[in-house]
Amino acid sequence: MKDNTKDLMIIAGPCTVESYDRLYATAYKLKEMGIKYLRSGAYKMRSRHNSFQGLKDEGVEILSRVGKELGLRTVSEITRLDKIEYMAKRVDILVVGTRSMNNYPLLEALGIIHNPVILKRGFAASYTEWHASSEYITKSGKTNVILCERGIRTFEPQTRYTLDMSAIPVMQQNYNMPIIIDPSHASGKRELVAPLSKAAIACGANGLMIECDLDPDSCVCDAKQTIAPEVLQDILSFIKRVKEAENGK
Amino acid sequence: MKDNTKDLMIIAGPCTVESYDRLYATAYKLKEMGIKYLRSGAYKMRSRHNSFQGLKDEGVEILSRVGKELGLRTVSEITRLDKIEYMAKRVDILVVGTRSMNNYPLLEALGIIHNPVILKRGFAASYTEWHASSEYITKSGKTNVILCERGIRTFEPQTRYTLDMSAIPVMQQNYNMPIIIDPSHASGKRELVAPLSKAAIACGANGLMIECDLDPDSCVCDAKQTIAPEVLQDILSFIKRVKEAENGK
Amino acid sequence: MKDNTKDLMIIAGPCTVESYDRLYATAYKLKEMGIKYLRSGAYKMRSRHNSFQGLKDEGVEILSRVGKELGLRTVSEITRLDKIEYMAKRVDILVVGTRSMNNYPLLEALGIIHNPVILKRGFAASYTEWHASSEYITKSGKTNVILCERGIRTFEPQTRYTLDMSAIPVMQQNYNMPIIIDPSHASGKRELVAPLSKAAIACGANGLMIECDLDPDSCVCDAKQTIAPEVLQDILSFIKRVKEAENGK
Amino acid sequence: MKDNTKDLMIIAGPCTVESYDRLYATAYKLKEMGIKYLRSGAYKMRSRHNSFQGLKDEGVEILSRVGKELGLRTVSEITRLDKIEYMAKRVDILVVGTRSMNNYPLLEALGIIHNPVILKRGFAASYTEWHASSEYITKSGKTNVILCERGIRTFEPQTRYTLDMSAIPVMQQNYNMPIIIDPSHASGKRELVAPLSKAAIACGANGLMIECDLDPDSCVCDAKQTIAPEVLQDILSFIKRVKEAENGK
């Protein structure tokens, strides 16, 4: 059977690397389900200095090892200038987080590496500013930059941020860039991840980045927005059906 | 062939009633496409006093006549206390617009009529406040109230409002109410209506309310966000495919 | 001694009329302090239908009586079309609340009465929209319309709304309209009322509208943002000093 | 005569260092007016990569030289980890700009230097997040951190940002930290700088940071929000009068 989801970039994995065993177990399950991109954090950007800050270099090494052992492409956040070279050698795709979208020295330095870069939208950045930030990365010729909408800050308190679905057609149409959606950080709520993921695909998104773990409740970070593999499976099945229906029209 | 879209409330029509002939022509086309709900405005809420304010009673009469002639259920906005009885007799479904979501005397009075009421979200209302407004209508026992998300005000200037897709699962799950989406007023841009409509359906919306006209460019109101019937057809085809795929799973 | 505050419109009083005795006692104290405008609510706009909705006509009568007995000009909110004539006869100044700024039928009808009208800013209205709403009142020649900034909705949860101080110079300079400030509803916090009031005066505001009661903690509405007379006295003393300093420069 | 403004930190200067001669001329005038803190940018954070990015090291050297020659304390923005040591040696007070408020690696590194640090509020940061960011700087014992409110992002397009005056009493009362106001970046409009500055002082701010230049119109950055010395003089006179009035009460 033809795999209709092959052009979509579906990235999944736990918020943060906690241990080799834990990451391997989840990654193994994700691979079984057909996932090709494994995400997890090593250098974390936490609002509070006394929150868990990630395993740092050790986390990078674990992610890299699990990726290699399972043949998954790895995805992780780069948070500081002095770690670009180190991480670019060990992680396949680097992510600029929402808090770093305006860190122009970091963006400029990422323009030189070969790895694809995912540029998350600053949670209060306009489309114009987001695109302008992407140009700090691409100004020297780099082309493999992917945008990621992860929710913007609004007055609504029941969701962590407000996922701005219009960003998908606008960034594709106006700026000719691929864009994926992160429904986990956008909503901050596990029960919203599946409906928002399906909506994003129907809207034309080029992919998804989802927090997923074998045992979401025990995650040290973002437990409330992390989904179990069964929920991810439901999303993947929906994508397949929609893509088949579209191809068969 | 089974009509998989029958449970969705798909409402379409021009922003405002301009003349009997014009409304009839568009409504005839919509009916051909399978649309069952015809929307159009007679009493308009315009930010500027010197903008076109609608045909008022004459507009209500035209809408009512076209609806009866074509067997379409009619949908129109109620803007003032002293017109509730008049409109309730002539229009099937009354809409409380975004600017009236906090007009509690109006909401209270709508609790007494039998017509279904669509309650649009105030463009700066939280989920909680929106639900609280719905209770002004339902407190005396009325049950046929439908919510409509139509975009919230954010800092982003490229879209008129930001469509908050998360409202769909939240209002359904937390408040057990049906919710439809208005992608036209949310985006203010014709080219965003199809992707947002598809996203809304994939997200689980109970319907759509879309501004559509045979000749969008010549509409006196909201021309830039009004779509042509072919675009609506594309949306309807998508819905059919998705629903078939879901039913066939 | 010259009263330097005479050109400022300082309005004070309890959020809502609870009884003749209670209102009289507070109003008497306010008059002693030099206050000339007494505010209090009779028709209330409450987010929840089961919150206290005001004493309605009875509240209007009490406010009117206390105003006459003490020689204070009365200020109260008008919430519905069918009460304009009634209230215009009994209350000196009518207030259009933040939830009614887009109630264009109400605004239009207020253009015909002679009483001054205070138009509060919709909590998500731009300066342009606010001014456009004022034109619904002034289009037939009415001139005694006063704007009132009362905070806008932002992402910040520690204050009820965010008081937008820039509205003072912008509305004065760009639209040539007088503007007063309501620090009580803006902040939702008693301890912020004095600093925001002083700031507003220094910024050039034409007046203040402040919730004040002899016994703030026992108020049925808005207790947390209502100040005691001593705090109001501190504000009045600051205003006097600043005005004297300005006049003496 | 007693100088009642001595406890306020009034910082002024051009947005960016353009040349030694230009900076010296403005700084000389500011010193004449009693200003003790000279601000100017060398490393700039510009939304667009092709906007003027500042004179960088050369700008730092010029600022440092002018400061020493005139006996003014210098204030400039630090934008990258690898320049902290360099700038800390040459500039008296380092500023963390709004775009860097969530750059935790930068904040942490600033905790080690002795220079005072001004932490601007992220333009979409809550009070809580802002304070949490300050703790990245103070967690190792540093105490000389000053907050700076510079406007938050809202839906209002006529001002660049919305100055949140409530931040002054909230950050002072709830977090016991000094806070200054930047009316220039907040408003983006020269004509709003004086009223907002006066308001901030009346509200209890611990100081101001204002963009000022001898010839505002010819500034390469932020010309529209830069004031001339005469406007600054008007602000300083107001401050003096208010402080005298307060002390004499």
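Per-chain residue numbering starts at 1, and chain names A, B, C and D are given in the order in which the chains are listed.
In this section, a residue touches a chain if its C-beta (ideal position, glycine included) is under 8 Å from a C-beta of that chain, and two chains touch if they have at least 3 such contacts.
Since the structure is predicted, the reported quantities are computational estimates derived from the model, not experimental observations.
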| item | value |
| --- | --- |
| Of A-D and A-C, pair with higher C-beta contact tally | A-D |
| Duplicate of the A-B contact set - from B-D, A-C or C-D, the pair where over half of the pairs recur | C-D |
| Rounded Å distance between chain A and chain C, as computed from the means of their C-alpha atoms | 48 |
| CA centroid of chain A to CA centroid of chain D, Å | 36 |
| Sequence positions of chain C contacting 2 or more other chains | 124, 153-155, 157 |
| Chain B to chain D touching residues, read off their complex | 153-155, 157 |
| Chain A residues touching chain B - in the complex, by the definition given at the top | 124, 126-128, 152, 154-159, 162-166, 168-170, 173-174, 186-187, 191-192, 195-196, 198-204, 237-238, 241-242, 244-246, 249 |
| Interfacial residue positions of chain D with respect to chain A in the complex | 45-50, 79-82, 99-100, 102-105, 108, 123-124, 129, 132-133, 135-136, 139, 153 |
